[in-house]
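Next come two complexes built around chain A: one with chain B, the other with chain C.
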Partner chain A sequence: MHIPDGFLSGGVLGATALGGLAVFSVSSARLKNSPPERIPLLGAAAAWVFAVQLLAFPAPGGASVHLNGVLLCAALLGPWSAALVSFSALLLSALMFQHGGLFSLGANFINIGVIQAFLGFALWRLRPAASSALVIGPLLGFLSGLACAVELYLSGRLASGAGFLLLAGAQAAAGLAEGAVTASLLGALSRLKPGLLRLERV
Partner chain B sequence: MKIKLYLALSAAVLLVPWAGNLLWGIPAAAALLYWKFSGAAFFPAVRRAAAALPFALLIFISNSLSGFSGAAPWGALLKSASVIFMTALLFCAVPFSEIVSFLKALRAPVVFISVFSFMYRYFFSLKDDISSKLKALKARSRRPPGRRELSSLASALLLRSFERADRVRAAMLARGWEA
Partner chain C sequence: MKLFYAVLLLSFLAAGLCAHGVSGRAISGGAGLEALYADGEPLSFGEVKVYAPGDAAGPFQRGYTDRNGRFLFSPDSDGRWRLEINDGMGHGLVREVLVKKGAVISSGGPAVIPVPVKLLSGLGVIALLSGLWLHLAARRRLKAAGKA
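Let's look at the complex of A and B:
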């Protein structure tokens, strides 16, 4: 769920912008001294994350979802790289498709980039197999939806109850599809190009 | 200048209280002012903005389900629609290179600027790949492509994307690039 501008209060916008900026700054600092070949690789991953949003994957309940690809990037490239890739894709998505607001970029980065990159990577490391994504995907989706619901609640935009359930439930369903696609992508990559699963994870 | 005005007008719209009926004119006036100033075509920007509105509508519905009533949900939706429209105008009116220059002026980290620029450059070739592959998938089947077909398309795109990154890097190194 990309929160558009206009729905978050000033306090929530400020707090999430500061939090997002902190993670973004540390990610950039961690990747500052990367080997030169990593930059085009991150650019290619970000372009893929951005382009794959054009594909509508069928989700439970007859809906369709767009991949955000952060879990896959975290599994392939590591959490800091996945966070930077996610930030770049979210920024371009807000500019080009108005999918999520520029002022709410910090909130969207925390909900999608930070939660999915770091928690996704931590869970992935527990059992680094393609099938793990089937469990991690919906869990991350649920947590992202919950974070989004909390931000809206703190902004006075959502009362607890039906709104929380709607957002977290919809995101968990989307996460189910994301997890299934990520699992099949990881399976395909391990068959077709296993070298990609052995990249340095930063 | 167009970026700075966008930021100023959007911030002004976002500061308008949600429930103030009399202030509803501010988001609309800001959107119209920015349209005039940006020089971008009206209808392409409206089309772009309309594609983004369902996400705002979903939150509006959650708002309504949560028991909010009266002007507040409508005020938020109007503010959101106004900023979405101005963002669409911004992207129509300002070249990508100017956006990158603005980020540089803000002292954004070099590694981020590089990744962001590479992403934009690679995106259009991937977009063309997606269009041609989707067309081929649809031509071969009566039903719309399912999860399996789309997953294999996404993995082919990922491989192609990484291979392109390798080729570009080799070409850049050959031209003396050092990052």
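Let's look at the complex of A and C:
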């Protein structure tokens, strides 16, 4: 779901860049004066998001999907923190390895960071239990895949119908794995480090 | 004379029948790309569009990568050929292949970096940036404490 440069039309690039920039600006402002105790946690969260996005799973048709790691960050640290962490990981991937484009960073940030951080956190708050991630994960995967499909469709890169279903369905399947990993990590943290589940969620 | 016309008619018919025949010959070489995911897995059966130099209107060729993520085509002119590979999942790449005097000069792509190297270098940069941020935040707190 890391859209490379050259895939999206100018209009889609502009709209997603503006949206992504707005979320990035607000999240930076909110986290600017974070206490020093919180910064290593944000760094660890960025490392987690960066690392899991490198691990891909085969999807039907020879394609590949990967975990995003944002749901865990949103549940532990809050939506603005998860969004900023996701942006950092995406920027790093694009700059260092051309994994996702620089011009399409806004689109990738919205698909992976913004949707998963804010919607994930909103759904998590409804029932903050580890098992909730099993349901939230596939739903977030589906919605992220759908957003990606819409952007590709609007840019003339994806035929409607089967392409939409294939992309969103594959991301929902990846979301199942994401939900399972998140649920097991949250379960383990609640036993081993319960304090991490009581952090201020920004 | 009748025999002559009959032979002539038959030869026309035979030529007509042969007009739709297809012959083939093996060719070698060409230009192309190997598309790999970030973890080194090949981008198999991805959709490929090839655009000729200076002709962005429509693709010169369409096709798919093979199971090893490779795609080859035969450029018919010199210049920068643009290849777009799309796996239909939002992943893909756009690369230029430079062809000069019929030979491929460069594919313009980055070197393939092993995942452990990517992981270590990325985590190193994140640790560096987090440490820098932590240093600045701690200094700000110390200053504030000093003023108080």
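Basically, the second predicted complex is superposed on the first by the 187 of 202 C-alpha atoms of A that agree within 3 Å, B and C clash if a C-alpha of one lies under 4 Å from a C-alpha of the other, contacts with A are read in each partner's own complex, and residues count from 1 in each chain.
One rule holds in what follows: contacts are C-beta pairs under 8 Å (C-beta built on N, C-alpha and C of every residue); 3 or more make two chains touch, one makes a residue touch a chain.
Treat the numbers as computed from the prediction; the structure is a model and nothing was measured.
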Superposed model, chain A: greater residue contact from chain B or chain C: B
Which of chain B and chain C A:Phe24 touches, first, second, both or neither: first
Which of chain B and chain C A:Leu91 touches, first, second, both or neither: first
Touched partner set for A:Ala47, first chain B, second chain C, both or neither: both
Chain B versus chain C as contact partner of A:Pro194, first or second or both or neither: neither
Partner chain in contact with A:Asn111 - chain B first, chain C second, else both or neither: second
Shared contact residues on chain A - chain B and chain C: 1-7, 34, 36, 39-40, 42-43, 46-47, 50-51, 54-55, 58, 88-89, 92, 96-99, 152, 157-158, 163, 166-167, 170
Complex contacts: residues of chain A adjacent to chain C: 1-7, 34-36, 39-40, 42-43, 46-47, 50-51, 53-56, 58-59, 61-66, 88-89, 92-93, 96-99, 111, 145, 148-149, 152, 157-158, 163, 166-167, 170-171
List of chain A residues in touch with chain B within their complex: 1-7, 10, 13, 24-25, 28-29, 31-32, 34, 36-37, 39-48, 50-52, 54-55, 57-58, 67, 72, 84-85, 87-89, 91-92, 94-103, 152, 156-163, 166-167, 170, 177, 180-181, 184-185, 188-189, 192-193, 196
Partner chain A, residues of chain C touching it in the complex: 37-39, 41, 43-46, 67, 84, 86-94, 110, 113, 115, 118-119, 121-123, 125-127, 129-131, 133-134, 137-138, 141
Of all residues in chain B, those that touch chain A in their complex: 10-11, 13-15, 18, 48-49, 51-52, 55-56, 58-59, 61-63, 65-68, 76-84, 87-88, 90-91, 99, 109-112, 114-123, 126-127, 129-130, 134, 146-148, 150-155, 157-159, 161-162, 164-166, 168-169, 172-173, 177-179
